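Contents: one structure, followed by commentary.
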Amino acid sequence: MELQGLEGLLEALGAAGYTVVGPTLRDGAIVYDEIRSATELPIGMTDRQGAATYRVERRDDQARFGYNVGPHSWRRWLDPGRRRLFRAERTRDGFEIVPEDAAAPRLALIGVRACELRAIGIQDRVLGEGPHVDPVYGDRRRSAFVVAVNCGQAGGTCFCASMGTGPAVGPGFDLALTELLGDGAHGFLVEVGSARGAEIAAGLGMVPASDADLAAAAASVARAASAMGRTLDTTGIKELLYASAEHPRWKDVAARCLACANCTLVCPTCFCSTVEDVTDLTGEHAERWRRWDSCFTMDFSYIHGGSVRASGLARYRQWMTHKLASWIDQFGTSGCVGCGRCITWCPVGIDLTEEVREMRGSRSAGGPEGGTGGDA
Amino acid sequence: MLPVPHRVARVRRETADTFTLDLVPIGPAPAEHGFLPGQFNMLYAFGVGEVAISISGDPAERGVLRHTTRIVGTVTQALGRLERGSVLGVRGPFGNAWPVEEAEGHDVVLVAGGIGLAPLRPVLYRIMARRPLYGRVVLAYGTRTPADILYRSELARWRSRPDLEMLVTVDRAVGAWPGKVGVVPALIRRAPFDPTATIAMVCGPEVMMRFSVEQLRTRGVPPERIHLSMERNMKCAVALCGHCQYGPAFVCKDGPVFRFDRIERLFNQPEI
Amino acid sequence: METLERILAEHPFLQGLDQSYVALLVGCASNVVFRAEEQLFREGTPANQFFIIRHGDVAVELHVPGRGALTIDTVHEGEVLGWSWLVPPYRWSFSARALTLTRAIAFDGACLRAKCEENHDLGYELLRRFSTVMAERLQSTRLQLMDLYGSGR
C-alpha cells in the first residue's frame, strides 16, 4: 500500500461507521484519541523512553508509526474509565432498578502494537471469559476493528521479546501494517487478518507485496527485536515470587514507591475496578457507577477495621506478584506484555525487570550479581 | 449483574449490634432461589451501597433468604435501619460451599467465633436434617460477652439434643454467667471428636481462626480436613473487579470456603 | 488412696511421670468436694494447693470494688487449677468459686514445694507440666485481651 493509502484506510473506516481512534501528539506525548485524518498521526515523531523518562523527539524522516507506546493503552477505549451500571428510582413501596441501555460505539483502533494486541487478548480472557463477563467490554471488543502495526524500533523500556509478545504482531488483527521507509519509497506492507479486514482493504488500491517488501518488513521487525531496552527472565517466575513474600528487596522497593498508582493506570492489562453508589439531594434517585481502581489504594483491600494491605510494601508486592505470578494461575498467561509503560511512567523509575533480577540474583548460589540475561 | 429487589419479611434484633433479616423476593421467585451453606449475597441498601453478607438460614427452607448482619460500617448501618416491609436489592448467591457432603461419615467440628456462627448455621441445619449420616457433631462457639450470643433460643434447643455437643464460651463474663469463660481454642482442646476421622469447618476473625486451626492440628486433624471461610474486600462478587484477591484466589469465586492446606502459605503471611 | 493412684496415673497431666513420683504425689493428695457457689480459695491468701478438677466447673475471678466479682476464666473437668503455689510470694492472685457441684483432687502445695527442693528431678517434672498450663492460660488471656470480636476501635 502506498503512503496515501493510509488516508484512504481511515476514510473507509469512517464511512463504514467506525469511530477511528489512533495515535496523535498532545501535550508532549503520543496518546490515543479520535482522529479524522492520517495527518493527525504523529508524523516524523519518535519517543525516547527510560525509567521515569518520556520525551517526544523529531525523527529525520516522515514515518507515521516511528515510536513505541505512550501513556495511553487501548484499555481506555475498550473498558471505559467511568460508566454507569444502573439507576435506582424510589417507588411508593420500595424502589426499582433501571438498567443501562447504552449502545456501544464501533471503534477502529489504529496502530495497535504487538504487545498491545496481546494485552487486549489478555483482557479478553479476564473480562470476556469465565462464569461472568463484562458485557460492555464484550460489545466494544467484538465490534472493534483492529489495525495493528509492527514495530520497527524498540523503546528504552520495551521488553516484549522477553515476554514472547512481540515485536512481531500475532493473530487477532483485522489488518496489520509494517511501515516501509527507505530508498526514497514510503509505503506499508499490509497483512489481512480477517474477512472484514479484507472488505475494508479491498478499496485501498493495494498491490501484492514483492519479495523485497517482505524482506524489508522482516528486517524492520528483526531490528526492533534486537534493540530491546530491557529484558526479563520469566523462568520459574511464578514459583520465585510465590516463595519471596519475605524477600528483603520488597523493603528496598517500598522505600521508593510512592503508591501513586501510575503503573496501574498505564498498564494495558490491569483490570481492577470499583463501584460508587450515589444519590441526588432528594434521595429519590440513586445511581451506581463503575470506575477504574488500583490495588495501590488503601481502600482497595479495606475490610471492617482497616486495610488488609496497609503498608506500601504489601501493596507493591501485591501488584508485582499478581502481574507476574498469580495471573498465571488465574488466567493461564503472564499479566505482563513487556510494554514498559510502568517503568517509563513511574515517577521514581521503579523497573520491575530490575526488581525481578535482584530477587533472582540473591537467591542463586554464589555470584553476588547473579543476574540473568543482559541489558540491551 | 443487577440487584433484584426483595422485601424484608422480618427483622430480628439478635444483639446490640447484630440483626437478622428475612428477605422474600418481590414478584415471582427466581427459578434457582436456593443456596448452598457457605454462600453469600450482595445486599444493596438504596443509594448507600452493597455489602457481602453470608446466608445464615436453613437451605431447606425455600422462599426466604435469611441474613445475619453485624453493624460495622455505613452500608450495614443502613441495612440495620430497615424495617418489615422495606425493600433492598439482592445479588447472588455467590461463592462456594462448606464441604457438607464430604463430611458425611465423619465426625464434624464446627468452630465459630463471633458473627462467624452465621455462615456456619446453615451447615448445622443440614447436618441435623440428616443426622444419621454423620458421626459425632461438635459446635464450639465463642463470642465477646454473654450479651453477644447469637440465636439464643435455637442454641438452647440444640443444647438439649443428645446427638450434638455444644460448647459455648465468652471472652469476658458480665453479670452472673454460669458458663465458660475463655477462648475457642480451649474448647477445641477437650472437645469429644476423633481427629483421625473429622472434618472441621472454622469461621471467625482471622486471628481466632489461626489459633483454632493450630489447636485442631495439635489434636491431630490433618490440614486437608480443615476448612476456613475467608473474608476480603468485596465489590463485584463475580471475579471481575479484583478487590477480593487472596493470593491467586478470588474469595468471591474460589472461596469464601478454602481448604486449609491450599491456603496455608498465604494464611500465615501478614498483609497478603 | 489406691483409687487416687489409679486416677492420677491415668490422668493426661501426669502422663509419662515416673511411678515413684506418682506415688509421691498421691501421698500429698486428697479428694475434695465443693458445693455450687462455694469458694475454693480467695485472692490474696496463701497459695498452698493446686487442684485437678474431676467433675464440675470453677470460675476464676477477681473482686473489683464497685464492679463485684469479675470472672476472667473458667476451669472444667480434666483441667488443672492453681499455679501460684509454685511462684513466690505463693499467694493466690485470683479467687476461685465452684459454679456447679465440683469434685477435685487437691494437692498439698507446701509439702510438694519442699519435696521439689529436695529432689530437683521431681521439681523439673512438675515445672515442665505447669509451664504448659501457664502457657495455655497466657495465650488464652492474650486472645481475650485482643477483643477479636470487638469493633476494633
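A, B and C are the chain letters, set down in written order, and residue numbers restart from 1 in every chain.
In the analysis below, a residue touches a chain if its C-beta (ideal position, glycine included) is under 8 Å from a C-beta of that chain, and two chains touch if they have at least 3 such contacts.
Source: prediction; values computed, not measured.
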Chain pair with the higher count of C-beta pairs in contact (A-B, B-C): A-B
Farthest chain relative to subunit A (centres taken as mean CA coordinates): C
Euclidean distance of C-alpha centroids - subunit A vs subunit C, Å: 67
CA centroid of subunit B to CA centroid of subunit C, Å: 35
Euclidean distance of C-alpha centroids - subunit A vs subunit B, Å: 41
Junction residues of subunit C, two or more chains touched: 151
Two or more partner chains touched - positions in subunit B: 72
Multi-chain contact residues (two or more partners), subunit A: 304-305
Interfacial residue positions of subunit B with respect to subunit A in the complex: 1-5, 7, 26, 44, 46-50, 72-73, 85-87, 89, 231-233, 235-236, 238-243, 245, 247-248, 250, 253, 265, 269-272
Residue numbers on subunit B that touch subunit C, as the complex places them: 17, 72, 113-115, 142-144, 148, 169, 171-173, 177-183, 185-186, 189-190, 204-205, 207-208, 211
Touching residues (chain side subunit C, partner subunit B) in the complex: 57, 59-60, 70-74, 76, 78-79, 99-100, 136, 139-140, 143-144, 146-151
Residues of subunit A defined as touching subunit B within the complex: 85-86, 88, 90, 93-97, 99, 126-127, 130-132, 134, 242, 245-246, 271-275, 277-279, 283, 286, 293, 295, 299-305, 308-311, 313-314, 318, 322, 325-327, 329-330
